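The first chain written gets the first letter, and so on, giving A, B, C, D, E and F; residue counts start at 1 in each chain.
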Amino acid sequence: MHEPADALAAPRYTGPRTFARLPAVTDLTGVDVAIYGLPWDGATTMRPGARFGPEGVRSASAMLRPYNPVQDVMAFGNLSCVDYGDAPSVPGYIEDSLARIVEHVAPVAAAGVVGIGVGGDHSVTLGELRALAAAHGPLGLVHLDSHGDIWDSYFGRPLNHGTLFRRAIEEGLIDPARSLQAGMRGSLYGPGDYAMHAELGLEMIPWQRLARMSPADYGDRVRARVGDGAAFLTFDIDFVDPSYAPATGTPEVGGPTSFEALEFVRALTDIDFRGFDVVEVAPAYDGPGQQTSLIAANVLYEMLSLVALRRKR
Amino acid sequence: MHEPADALAAPRYTGPRTFARLPAVTDLTGVDVAIYGLPWDGATTMRPGARFGPEGVRSASAMLRPYNPVQDVMAFGNLSCVDYGDAPSVPGYIEDSLARIVEHVAPVAAAGVVGIGVGGDHSVTLGELRALAAAHGPLGLVHLDSHGDIWDSYFGRPLNHGTLFRRAIEEGLIDPARSLQAGMRGSLYGPGDYAMHAELGLEMIPWQRLARMSPADYGDRVRARVGDGAAFLTFDIDFVDPSYAPATGTPEVGGPTSFEALEFVRALTDIDFRGFDVVEVAPAYDGPGQQTSLIAANVLYEMLSLVALRRKR
Amino acid sequence: MHEPADALAAPRYTGPRTFARLPAVTDLTGVDVAIYGLPWDGATTMRPGARFGPEGVRSASAMLRPYNPVQDVMAFGNLSCVDYGDAPSVPGYIEDSLARIVEHVAPVAAAGVVGIGVGGDHSVTLGELRALAAAHGPLGLVHLDSHGDIWDSYFGRPLNHGTLFRRAIEEGLIDPARSLQAGMRGSLYGPGDYAMHAELGLEMIPWQRLARMSPADYGDRVRARVGDGAAFLTFDIDFVDPSYAPATGTPEVGGPTSFEALEFVRALTDIDFRGFDVVEVAPAYDGPGQQTSLIAANVLYEMLSLVALRRKR
Amino acid sequence: MHEPADALAAPRYTGPRTFARLPAVTDLTGVDVAIYGLPWDGATTMRPGARFGPEGVRSASAMLRPYNPVQDVMAFGNLSCVDYGDAPSVPGYIEDSLARIVEHVAPVAAAGVVGIGVGGDHSVTLGELRALAAAHGPLGLVHLDSHGDIWDSYFGRPLNHGTLFRRAIEEGLIDPARSLQAGMRGSLYGPGDYAMHAELGLEMIPWQRLARMSPADYGDRVRARVGDGAAFLTFDIDFVDPSYAPATGTPEVGGPTSFEALEFVRALTDIDFRGFDVVEVAPAYDGPGQQTSLIAANVLYEMLSLVALRRKR
Amino acid sequence: MHEPADALAAPRYTGPRTFARLPAVTDLTGVDVAIYGLPWDGATTMRPGARFGPEGVRSASAMLRPYNPVQDVMAFGNLSCVDYGDAPSVPGYIEDSLARIVEHVAPVAAAGVVGIGVGGDHSVTLGELRALAAAHGPLGLVHLDSHGDIWDSYFGRPLNHGTLFRRAIEEGLIDPARSLQAGMRGSLYGPGDYAMHAELGLEMIPWQRLARMSPADYGDRVRARVGDGAAFLTFDIDFVDPSYAPATGTPEVGGPTSFEALEFVRALTDIDFRGFDVVEVAPAYDGPGQQTSLIAANVLYEMLSLVALRRKR
Amino acid sequence: MHEPADALAAPRYTGPRTFARLPAVTDLTGVDVAIYGLPWDGATTMRPGARFGPEGVRSASAMLRPYNPVQDVMAFGNLSCVDYGDAPSVPGYIEDSLARIVEHVAPVAAAGVVGIGVGGDHSVTLGELRALAAAHGPLGLVHLDSHGDIWDSYFGRPLNHGTLFRRAIEEGLIDPARSLQAGMRGSLYGPGDYAMHAELGLEMIPWQRLARMSPADYGDRVRARVGDGAAFLTFDIDFVDPSYAPATGTPEVGGPTSFEALEFVRALTDIDFRGFDVVEVAPAYDGPGQQTSLIAANVLYEMLSLVALRRKR
């Protein structure tokens, strides 16, 4: 049973920064959840820096304690959790970098361990989905983000943090009929942009509507769409308003508070998630208070809690 | 037809920073909207730095795309928009600086082009109003701010970012009977401060009340007050809560989120605005995430959208 | 009658920074309220730096004006208020440091002057309570915070910013039956953590519930609990969401906005507060906009307003 | 005898920030040196913010201890020193602001007290010189800066932080024949710029030459030029390289280190300085380490030491 | 004759930020020097962000005035200089991005205009060299940097900001026999690393030796090596010590001051430079004082001055 | 043989941050050097935050490569080096915290492994010396710092980051006759302060003199003083000028550059160091470029190189 170092014995500011002060372990025997970093940010179209997302989230996650009072579950202590290290990447070469991610995630997926990735720009999710779909077949996608990331191409090339879910559909990694995107907002290229979601078979709830839904309603809607099959939850930190989460590459103002964002994630119980990620944390754009990394660490913690809740029931 | 550089051809981080990547043009032929900077901050009573507001907003506005899905309108593409450059100013000399602003804005007003100013401290609005009233007569003022800016004098002198609307009324530039201020909050000099609004013939909704109104109600109230005549919308960034918009000179805590602020602006349809401004952005007080400038750029974008909507109808 | 320097005569950015530009005075004759700094941060379990809280709050409080329009009361001008300076502290020695705080606060308590402390980490409150209980007997505690601070010990030692209210109960400084804690949130050590409040005789409202209460309901609940006896209001700045108040030692995401936080404080009328404090402001973790210190200064101002309101009635 | 609070009794991070923790006193009886702030920055041609220079320097000066080992003199303890508060200013009105400075400094000059001003942009020196010359006649100017500040006008107006010494000569406040400027560097408007110094009767040593002189040689050269008459030392913080002193309005790269800068000031013994100032500290442009304010506080301390040395001999 | 906007007419903080306030022009008729941005940073092995280098340098270069007193030459005014805009780039695809750079620079090279590139990570230089060598044949390389950038490959792939000069030699773009690298320092992979320079036919002066050479000696050494042929000067900002220039991707402590760095560049007179660049400026890692961008702008200015000097002679 | 992760296989920004990407190991078998963090900062008299020194230095040390070209030695690869984790500490209790440090360091000392501590405030060195002297007897102290840290007491209590070497002498942990302090500068409490060094039997070279010595002379002087016995090298980061190293608690302006500081450390060959430390790194006071942590990581690397050199000879 791997669990975090005891914060009442040695203060939380001590020791090398692993996720949530978990042991750094690559042997998956007996492991329930593996958290890994995916420090690639070569595909971002505006501010880079998400390669330091894993470092930032590791640092902020030292604050986490084992028990989640909102979900009434031990996030640590019943599940065996580890820091599984980072996938390598190759600056300048997106296909090579995605291949490194597949290689890193594949053994986790093969071992039936639940993986939680910490990006990196959103293109890393394509690598994760390639590894997970190879093990589990096409996944239902639950996607919280301010952008849909289904554009066709940027600058004449197919891979990019704004095109990956179109690629994932084309590659058969996700099943659009079991997928739901939510939180989209901000200016677009034209009136046809929102139509693309339906053309690809995806359901999409823009922020203007999600803002008026309760977390419980959102949870019901997701469960109805995703069903009992294997699923993946991807959380782009720019879903959260940039006042709460400034440290990201393509911020869109006018979004949810951190409280609202956490409540939406907490509502996603009773879904068979085989993997999760939190992406687009670029710590250089945070102030000294590390607020974005703190939110990301808490989102990761709520993902863990969803796994723990499912095991408990 | 002037429009922004194509973000799918060259990434948005390329090129000199003009507003929204628009061409820098001073020939007003065929132009619908001219955006200009008003980098004067000599009249601020606390933190200076709004002279760099235009630079900050230009930088953040690179993120804007042409289509506004909330208003269902092309903000760019149907309107011909340009970056009209900045008014000069004379550090230490407020009257000279206001004269430079009048000189810069007057040709825009005379050509019937809608102008959007980016401040600069709020005193720049007095310059804009002098130019606009010369062309269009007294204007109805729509004012979102945490301060009323109608004090009589500071330190024995008449011009200042806290006195300008009293001056504008005295000079006949705005018509108080067609004007409405909203969002006022924060500590005051005495119980008589709020009475001054009525004494000047202005309507005022403090934030404590606006917080409980819907954007639609606010829009109705403004339309009822302003009527069909020519109007001006001035948006002081300190209307927004300083957690969202820290980069300003005289922040007042406990205000609206950026989402709420944008919704109030979006409600201001069907008004004959001849000019707009966004003022008091002082980028040195932002964190590295540029969040205040991002909000200001989006407010400017909503102003453009109001113009586009009116043309469309 | 001590009051702030006149902001219409000399701008608010002038002069040494005292709280709210009040005179720095240690003679308590005729004084109604004494504001003092308690710059000790040796007991914090994560980020230190709250020793600079008094400096940060003094700087930000220059923005305060005398009249509070929400409470319709002169916060300054009717009450005689002073900056009473700071308690010394002894880095590395918590007992010595608490003794210095007791020594600093005792004459204020003895003179019947209302004291407002500005921390410092939360352990300073133990020093204040020792001084106040000596003068007034056990106090009802009104506590807004994201943590309950009633753990038994950290690292084998009894005094710490997370254990002080257990110590205060053991020492008979506060009366748990007249005390109410609210705002608690974030991960915990185990499911038993929340049970400890009841075991100690305290009432506790976690943030998940407080978020759904109105300020008026909260005020009623506090008045019902505290009754007519002497009381103390302690406000840990980490009660506020870290997007609003990043400059603190142990932030917990997903909390109230500054507007909500101020409204909860404003609701605490008609209580016989003998002292107040605002703690855990660590300015090094603020961005350049000083937003946390601004909130703290405004909380302090609302405390002053509560005193002024009570005198007025 | 006024001296700083004892740092071995109460830590230096305690108490309202006065210069060097000196008492805030406006009664000049028995005072040797009065330190005052001159928070006016309306005349700066690039980055504003020097109005917060006095706050920044007060904060950093808490680090100063009484004994200067390089000069072997007690800077505090033998001289009676006070924090004399700040001159008011009037944002937007340079002539009014200079008048307020004259009013603030005149009593100090009249009392024969040595004044040390902390700016503020360099135009404040014109106010100081007006007050000092009224009391003492034309002064010899010792000027360390990266700019000569003798341009004729900016934007058609005479007063500005780049024109003040030309004005001071025209007004007969300084005697160019007893004045020496040093440290000038950076790009200029044309080859004639450096000729202007001689035309005005000033001696000028550019940084390219000063960099190759020893501090002792510089001191000799100054003494030879200034002679026995009354003199004034003005230190623009942009004399120091912007890596050392980034927090200033018009930085010029490629200048002296802080060690070199202090050594040049230390060399200025045996001159009859009637006043001093340190100007152009704009703290918003410092990093969190406050390095520019620290240097400014130490320059101020070396000025004090020059006074103490002269009294001692 | 294109030259900067007049800083005595409109303050330097006005207008969209072009390099040195030059006109943004793409017609090369009559142009002597074209300055362009190369905002690609996908090949960096540590901190990304140099894609914002052109924005940062444009902003800081507003401080530049026309006359260079150290070189006694008008940098602007005799030469016709323009801001030629930025090369596009394709995030994630290094070969595509280099092709875009070649396309952007080729017309400049073909027109015989001297180009000054502003990076971007150092791999952009490979694109520039491809364009220049096509027009002028193999170039002599003058290289100031803390790294030699001649490793063979990183992570199994050939293109990267640490391998480009090996590629440039292999491609015949530079002539190692006419090339000199200087400034190398910091830890290495093994004792053979420095031998690689000689193996490739390059001359290399590590910082430990350059620190003890005068700028004049360095200039002589370069002239002796480069001879009369066409040459290229590349300046990696990490040549400068990271205290002076923190805003870069792979800083190495213990390097030259900005004064020393400028003096080395100034010594490079009488060389037939056909192109220049300043690379690896990543503004997100600067403090608020923009010191790295200021240095980069001044290096660019010294490059311009070298061109102007050569024309003058 | 423990050595860093290969930076040519996985980029240096990957993986949890251990010192220099070394394995995190607590089994000392076959280990030559153990690097550990000592995150205690409760004894600092000004800015706290050095408890995050180990995190900051671990992060910056990712940049280190194995070969030191100045010393011509493999710092990694021949020596077996590990990250030995951090000593716990007890906020508020200095004696408890020192005991935890002794407990952490004692097994390293007992095993004959060379330890390198990363502070923490300077009081941690007292813990290290207690552990080392128990194993090796009294040590010769080589001390680079801007302060001597031999005051008798602060605020009436004996332990503090300014008193520790007096305590170490009293406890017989260091042999003053074999000890040399250098770099002292900044203002003092009185003319007697420097005399205390001699009274305690210590040799001391103030910065004013060290600045004029060559590194080689300094090395000779140290070797002559320390002799062949066991020694300890303590490096307070405030030895370096605060422009280079702003992230520290009690900065003193006017000190050495990072280049000079490294050269002084490199000169300390041929001494039998049994332990080392780098202290007083408080990352919250760094800018985003992490320059202080970078210097600290490089000082640590030079210490490692001294060990490697001694083994090699």
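Basically, a contact is a pair of C-beta atoms (placed from the backbone, for glycine too) under 8 Å apart; a residue touches a chain by one contact, two chains touch by 3 or more.
Keep in mind it's a predicted model, so treat the numbers as computed, not measured.
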{"item": "Intersection of contact partners for chain A and chain E", "value": "B, F"}
{"item": "Farthest chain relative to chain C (centres taken as mean CA coordinates)", "value": "E"}
{"item": "Contact-pair overlap exceeding half with B-C, pair selected from B-D, A-C or A-E", "value": "A-C"}
{"item": "Inter-chain centre distance, chain D versus chain E - centres from mean C-alpha coordinates, in Å", "value": "38"}
{"item": "Separation of chain A from chain F, taking each centre as the mean of its C-alpha atoms, in whole Å", "value": "40"}
{"item": "Multi-chain contact sites of chain E, meaning residues that touch two or more partners", "value": "9-11, 13, 45, 47, 51-52, 88-89, 91, 154-155, 243, 257, 284-285, 287-288"}
{"item": "Contacting chain pairs - touch in the sense defined above", "value": "A-B, A-C, A-E, A-F, B-C, B-D, B-E, C-D, C-F, D-E, D-F, E-F"}
{"item": "Partner chain E, residues of chain B touching it in the complex", "value": "9-11, 13-18, 24, 37, 39, 51-52, 54-55, 58-59, 83, 85-89, 91, 284, 288"}
{"item": "Interface residues, chain E side, partner chain D - complex", "value": "7-13, 62-70, 72, 74-75, 243-244, 257-259, 262, 287-291, 294-295, 298, 301"}
{"item": "Complex contacts: residues of chain C adjacent to chain F", "value": "41-45, 47-49, 51-52, 88-94, 96, 123, 154-157, 159-161, 284-285"}
{"item": "Touch list for chain D against partner chain E, complex", "value": "45-47, 154-155, 185-191, 193-194, 206, 208, 211, 241-243, 246-248, 250-255, 257, 284-287"}
